[in-house]
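We just call them A, B and C in the order they show up, numbering each chain from 1.
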Amino acid sequence: MSGILIAEQILNGLQSGVMLFLMAAGLTLIFGVMGLINLAHGSLYMVGAFAAAWVAGATGSFGLALIAALAGAALAGVLIEVLVIRRLYRAAHLDQVLATFALILIFSEGTRYVFGSFPLFLDVPGALSGPVTLPGGIQYPLYRLTLIGVGLLVALFLWWLTARTRIGIQIRAGENDREMIAALGVDISKLYTLVFALGAALAGLAGAFVGAIQSVQVGMGEPVLILAFVVIVIGGIGSIKGAFVGALLVGLTDTLGGIFLPQVFKLFMAPDVATQTGSALASMAIYIVMSLVLIWRPSGLFGARA
Amino acid sequence: MKKLMMSAAALALAATGAAAEVKVGMITTLSGGGAGLGIDVRDGFMLAIEQSGRSDIEVVIEDDQQKPDIAVQLSDKMIQSEKVDVMTGIIWSNLAMAVVPGAVAQGKFYLSPNAGPSALAGKGCNPNYFNVAWQNDNLHEAAGAYANSAGYKNSFILAPNYPAGQDALTGYKRFYEGALAGELYTQLGQTDYAAEIAQIRASGADSVFFFLPGGMGISFLKQYADSGVGLPVVGPAFSFDQGILQAVGPAALGVVNTSQWSKDLDNAANVAFVESFQAKYGRLPSLYASQGFDTANLLISAVEKADVSDADAFREALRAADFASTRGAFRFGPNHHPIQNIYAREVIQEGDVFTNKVIGVALEDHADAYAAECKM
Amino acid sequence: MIPERLITVAVLAGLAGVALWALAMDTPFTITLATRAAIFALAAVGLNIALGIGGLVSLGHAVFFGLGGYAMGILAYHAQTYTTLDLGPLSIAGSKSMPLIWLVAVVASALAALLIGLLSLRTSGVYFIMITLAFGQMFYYFAISWSTYGGEDGLSIYVRNGFPGLNTLDPIQFFGLCFVLLCLALLVFARLRAAPFGLALNAARQVPARVETVGLSPLRLKLVAFVISGAITGLAGALFADLNRFVSPTMFSWQLSGELIVLIVIGGVGRLTGPVIGACLFVLLEHWLGAMTEFWHVWLGVILLGIVLFARGGIVGLLTGKAGPHV
């Protein structure tokens, strides 16, 4: 196995990691501030992808498609926050799980009702298509490189937002003591809606970006949702830093595990058995990593001690 | 006592000369991510029934949600409460394995419009089970044969890590004569193939064979086209059917895929089918729609010849396969699986629409590899 | 308002009544539906011990359901193909006898519950939900890639397994078996809830610190509850596999874990008959809504939302006029 191949696989792991981060950041923010488990976060990802595919199909512009994804997902987020989620902040985790599970059902079949049962088309914009040659002779798709850059920029933006702005101070205060900041005159319900819309918009953005290189179809949100939960649990719920580290860890484990585990097994097994066993273990790898992290640190890597 | 009364009623009905009613139970996938396939089979099937103008065939349709346990439950319902004579409709091999053995053991006929698991073609074959589509390996075998004729010497092959995926790679290797640059099992439902594409790039292969049905294939093709690897790709028709080609877009152009059917096959039955399907549903038919259409026409041909209550006569009528198939020549082998041509098609663009064009025959009069194991 | 005891009697009589009525009307499929409801109810009664009394929101109970199913599938597969199951030096013959299959299913699920419980109970809250989900996913992906027993295609068993003295192929007799097991599990649940163990477990859910001060270990209480809970759900899995004469990895899926929780919440968390009512209603909805519209999941979602937002305590809560425990 050459060094170039390994470097390329690490880039792939990074790319899938930063896209997971976009999903996980919203999820962890919503949990941290409002204490809400939102299973419907994957549906917002799907809404973003569908909005983007629809607008790109109508206008042919990827830029407009991204705006549509942000706006569409944020709008859907505000809508469900006001209609449903708002009533769940004080409810038990169990009720939250159930209500947002119900939202998944409604979103998935509702989308199928509107857009039909066949996948939609969304393509990489012309200016970003095709591979570029990196130092060392690595051929790498420009679009994926761009995604890594965008993901890092969003991470930087979120750090700036929470650490350096007034809203960020309110968000962090809200995580610690919601009665107190309400008493200090912050409109808590407006703050909650805003945070929810922000999380939704990030999920929608991820949906649009990823939709261009994957399949835009009903049910695309659920596998990503489970991965995003794995990420925030590894990182510690409520911690954006944890979500970032967790996302990279999951992205790299998932990508590199699929490549290297079969190779490792080939050292002491027949090739076809090794390929199968290795692939089976690779698909379980992130869950094994997550259990190990939780057994070692029951509140995740950067979580507040429960 | 009850049984006696029922057969008496049947006798009375036959005596009055009324045409025997045939009740068909269709279990297929109509909701969730895989719904597109089931909807196509259903629409193709119902189009044929409608065109036949027969009022003595009743079809009960149920949605299995792509879940095996729901499919089994529906099959119990069809047999116990709807009392159907013939069953059909299942798309996925794992659902077929859950339903078919039980249904045929209870004396029902099963006509498969899509799934063709090897177990039901070989040791587990049954006189009442007819496959009107293909045995699962067939299209992959044809892809292997095409790879030989195209002069590929070093293929990279990949499929998801589940039984149909393993069958796919086995099927390809059964006919492909060149060397393998690499063989990979991906995760079922995987959406990102960057890692696999990097391995293809590094492997020194001269061609790629993949079996990734549904959304997995869309993702792979888009990412493959964007990666600039550019090696020729060959695969079975499942990732290139009419339903998903539009979602893949230009990334699929020029890819060769193997199929027992294509919309431009030049026979009268197919021309009429493509035209009437488009007129009725406002979209181009897919390979699944053609399979549903053929399944219904096979059934109609048998109903015309024999009474379904006479199981032996009805079975003979089915075996004769005396209907005009949309794929041209069609007959059953000894294990009730098709013997048919499998074509190589190329993805082209017609105006705004992406579709397939036949470029040659990959395997002529092709039967499956399991027929010898079938004893019935 | 209606006392809970009366609801219990009415629900069980209703379920048995439907099956008997179907027998009289000769509509065997209705009996199959009633059996399905009884089996789901049994699985959910198991989960209700962990969830309702112990407050452990496990999103991985499909692990035990699936293990029970595969215990049946593997034993019956070896009996049906006249092969032996080789575990290292041990060589075991397959079996088509339900009591033996049930024993294996219960023991296997209990052992798995012990192991998963030991590891997962170190965490709490959302972390617990997610780690149980992770174990579920591990089993799911393992079953999919394990080609010896069919992988994703699953395993078909052609004839239902036998029970001494009964013809299990007769729908009503198989229903009878499942119904009796459900009643036994309800008895276990009622006894556990009222016993000192149940009271301590309930207290451990509400104020763990106080339980500790009287010298009990909340962790041990929860672990015992989790093991009993897993064992009962495993038994239900074996029955479910026998009902369908089929097992597949979908029995391990996280959606199934979610559905079990849904059943309990519809009926009423921690209530004796909550899971039974939930299971009956779920099977009815699935059957009726599914027949009415292709998009029935939308309506299922709306109904679930309605129950969460406006009927806290589930159906039993509505009927008795008391909200259930807060989990």
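List of remarks:
Note that a contact is a pair of C-beta atoms (placed from the backbone, for glycine too) under 8 Å apart; a residue touches a chain by one contact, two chains touch by 3 or more.
Owing to the predicted nature of the structure, the values given are computational and were not obtained by experimental measurement.
Two chain pairs, A-B and B-C, are compared here, and A-B has more C-beta pairs in contact (counted per touch definition above).
Averaging C-alpha coordinates per chain and comparing to subunit C, the farthest chain turns out to be B. Centre-to-centre, using mean CA coordinates, subunit A is 32 Å away from subunit C. Work out the mean CA point of subunit B and of subunit C, and you get 36 Å between them. Contacts with at least two other chains are made by residues 31, 161, 166, 187-188 of subunit B. Counting partner chains per residue, subunit A has residues 108-109, 112, 276, 279-280, 283 touching two or more of them. Across the assembly, subunit C contributes 141, 144-145, 147, 295-297 as residues in contact with two or more other chains. Looking at the complex, you find that subunit B touches subunit C at residues 2, 30-31, 62-63, 67-69, 72-73, 76-77, 80-81, 93-94, 97-98, 101-102, 105, 117, 161-164, 166, 187-188. Interface residues of subunit C, counted against subunit A in their complex, comprise 51, 57, 59, 119-120, 122-127, 129-131, 133-135, 137-138, 141-142, 144-147, 254, 258, 261-262, 265, 269, 295-298, 300-302, 304-305, 308-309, 312, 326-327.
Of all residues in subunit A, only 31, 37, 84, 87-88, 91-95, 97-99, 101-106, 108-110, 112-113, 226, 229-230, 233, 237, 276, 279-280, 283-284, 287-288, 290-291, 294-295, 298-300, 303, 306 touch subunit C in the complex they form. Across the interface of their complex, subunit B is touched by residues 26-30, 32-33, 36, 141, 144-145, 147, 150-154, 156, 158, 171, 240, 244-246, 248, 250-251, 290-291, 294-297 of subunit C. Put simply, subunit B touches subunit A in their complex at residues 31-33, 35-36, 39, 161, 166, 183-189, 191-192, 194-196, 198-199, 201-202, 214-216, 218-219, 222-223, 226-228, 243-244, 246-251.
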